[in-house]
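Below you will find the structure I want to go over with you.
Per-chain residue numbering starts at 1, and chain names A, B, C and D are given in the order in which the chains are listed.
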Amino acid sequence: MAAETETGRVEAFSDGVFAIAITLLILEIRVPPVGPPGSLGLGLARLWPSYLAFLVSFFTIGVMWLNHHRLFTVIQRSNDGLLGLNLLLLLGITFVPFPTAVVAEHIVHEGRIAALFYSGTFVVIAVVFNVLWRYVVRRSLLGPDVDPRMVHGISRQYAFGPLYYLIALAVAWVSPTASVVINLGLAVFFAIPARRFHVTHYPG
Amino acid sequence: MAAETETGRVEAFSDGVFAIAITLLILEIRVPPVGPPGSLGLGLARLWPSYLAFLVSFFTIGVMWLNHHRLFTVIQRSNDGLLGLNLLLLLGITFVPFPTAVVAEHIVHEGRIAALFYSGTFVVIAVVFNVLWRYVVRRSLLGPDVDPRMVHGISRQYAFGPLYYLIALAVAWVSPTASVVINLGLAVFFAIPARRFHVTHYPG
Amino acid sequence: MAAETETGRVEAFSDGVFAIAITLLILEIRVPPVGPPGSLGLGLARLWPSYLAFLVSFFTIGVMWLNHHRLFTVIQRSNDGLLGLNLLLLLGITFVPFPTAVVAEHIVHEGRIAALFYSGTFVVIAVVFNVLWRYVVRRSLLGPDVDPRMVHGISRQYAFGPLYYLIALAVAWVSPTASVVINLGLAVFFAIPARRFHVTHYPG
Amino acid sequence: MAAETETGRVEAFSDGVFAIAITLLILEIRVPPVGPPGSLGLGLARLWPSYLAFLVSFFTIGVMWLNHHRLFTVIQRSNDGLLGLNLLLLLGITFVPFPTAVVAEHIVHEGRIAALFYSGTFVVIAVVFNVLWRYVVRRSLLGPDVDPRMVHGISRQYAFGPLYYLIALAVAWVSPTASVVINLGLAVFFAIPARRFHVTHYPG
């Protein structure tokens, strides 16, 4: 009961951070300044990198919240290590608005660096997600009634995470915009519940 | 029980996003710079488009929260589709501060484009609200004790939503300010509980 | 039970708005720009109007949260009117960072207008608090076990609220800084629980 | 029960403030402006004071949340004094993004003043934490089943807090950057649960 309460407040605090980080993204889109008549339409259209970066970061943080939420439905107990790793994960999440703004501002002129910085952030977050999950499994912080196939499925899906984000990173060398869009695809990939990734005939 | 808990955290996360989006609106009102003595009063008065946009967006997001809240009192179960649609809805909500700032900055000089952009955002959100509700009804995610007349009432009210926001959009062509004010009227319309819209002799 | 849940989510949403508004205040304090060596100390000292406005607004919003919290411990049921009035109250709360920034920027050069605008905002919020409370009492939305002396105490304390804030408003004419400081005193006044204001021999 | 509920809402409000303050930190990192080709990499590298300040403040607020959370698991009852002291603590927390931005902007050119201001803020917060804890112990607001050794451990750990932060403050005179990094070390120190600090043979 005490442990459950502990998990409850960690979840509530984490939910707050996710909700704020996802909502702050909009502050990075700057209103076009007042110009000659007829310039607003063009001004709004020219903000496409801002809209794209906003969209990709929104769904990435949203799906990371979804995954965080799913993890904590199977995590039953909390300890200092988990609290520390969770704080590290939240550090990554709260950082996202900055590379998002870098992409929005620089993808047209210095896209490669901007996209590398953006995808690099997600590589790091994917690694932290992995480390946190492996810690939870190793320290047996899971509930007793958790389906081992689900555990296996999450482990498989997460193991590929950093690899996939590294591909997005590599693509940034060739096409920054394509790299950003690939991150959107990865958000969709991680939106799929991990149970789809379990080995069908796993001896559970 | 598990499903209810799931709905609980989705609601908490959504509440957070609504609360943050509605509070961030104020950041878009810029303090008039220090000028010659006696200029502050005029400077504050000239911000009327900012106050108007703040007011309309505040009540629109507030009433959308109210409706989201009402929907989730009748929604009992959650699934991946609902989570995805809810994320799409929150995308719309977090976007609102941007068109609000565009209206505040540009309604005097390029009001038509600004008001089109503003009302267009609400048309899209109204469509997403509709899609989410229809999904919930079709997939039977409602609780067993939900009054079918209330379901019918919500369906009716929401069906007209995009249409009404399209009218506000059309008015932007003639009078941008009137268009923005109509959105305030629509917020009041959606503040009225859906039960008032059920057909009185519905064979429930 | 349904009504209690309703109150629960209204409180959670309101708490979110209060917490965000109080935390956003810091964004209005601008870091002094890089200047010649030795200028930072003076630059930080010159921000005293920002610190003062931050302090007063922080405690005002904090104590308003406290009062909102106290009100909702005695309010048992919610209805559409209460939701609407609560939204109006939150509109006032979310607006506070703007007059705070106006005071911070303008109290030195055009203090009178700035302080009038600042205190005027609190007069309006105090009036809305009053209207909300009277609505709750008139519509009998209170719990059955609420001490009538407490109801009476809150009514008395709140009735004087707008009057006291009007005094702060009037003082702005003579001394803007004194007016701002009086608002700090009023926050302390409203921090005192209403039970201290009940008539001792009230025939309860 | 009423008292527990009271503590519950204070915790929820405080959690909100902590979560928002920690997430707002990222807004202080400014995107480098568009420059000549090849300048973005250098521009991002030159932001190291912003990254450092962000990191230190993130972990400091994070660990302060952890400690706040731990305190309120042993605090059972709330009263007006605790509410006031908690508000004072939150005032300190919401202020943190400002000295963080001062360090990020000024540590290269006027590091001493910037680091003094930064560490000074944490000295004040550590003192308030101390005062709040001593108030809780003196007024017996703790639950009946709280281990006295834990109380003793927290008292010991907290008593050294302001002293340690004063050391970080003193170091600012010699090396501003070292002073900022020491604050990171202090966050790690306070992340260690207080039970490690109890006297082993305490006559409990």
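Here is the rule we use: contacts are C-beta pairs under 8 Å (C-beta built on N, C-alpha and C of every residue); 3 or more make two chains touch, one makes a residue touch a chain.
As the structure is a prediction and not an experimental result, all values here were calculated from the model.
Engineer: Among the remaining chains, which ones contact both subunit B and subunit C?
Structural biologist: none
Engineer: Going only through chains that touch each other, what is the minimum step count from subunit A to subunit C?
Structural biologist: Step count on the best path from subunit A to subunit C: 2.
Engineer: Can you report the angle of the rotation that maps subunit A onto subunit D, using C-alpha atoms only, to the nearest 5 degrees?
Structural biologist: 90
Engineer: Could you tell me which chain lies farthest from subunit D when each chain's centre is the average position of its Cα atoms?
Structural biologist: Checked the centroid distances; the maximum from subunit D is B.
Engineer: Same residues or different residues: which describes how subunit C and subunit D meet, taking over half shared numbers as same?
Structural biologist: Different-residue interface.
Engineer: Round to the nearest whole Å and give the separation of the Cα centres of subunit A and subunit B.
Structural biologist: 26
Engineer: Go ahead and note the Å separation of the Cα centroids belonging to subunit B and subunit D.
Structural biologist: Inter-chain centre distance comes to 37 Å.
Engineer: Subunit B: which residues touch two or more other chains?
Structural biologist: 12, 16, 20, 24, 27
Engineer: Of all possible chain pairs, which ones touch?
Structural biologist: Listed in label order, the chain pairs in contact are A-B, A-D, B-C, C-D.
Engineer: Quick check: in the complex, which residue numbers of subunit A touch subunit D?
Structural biologist: Counting only subunit A, the residues touching subunit D are 2, 5-6, 9, 12-13, 16-17, 20-21, 24, 27, 80, 83-84, 87, 90-91, 94-95, 97-98, 101-102, 105-106, 109-110, 113-114, 117.
Engineer: Please name which positions on subunit C make contact with subunit D in the complex.
Structural biologist: My answer: residues 11-12, 15-16, 18-20, 22-27, 29, 31-34, 37-41, 44, 54-55, 58-59, 62, 65-66, 69, 73, 191, 193.
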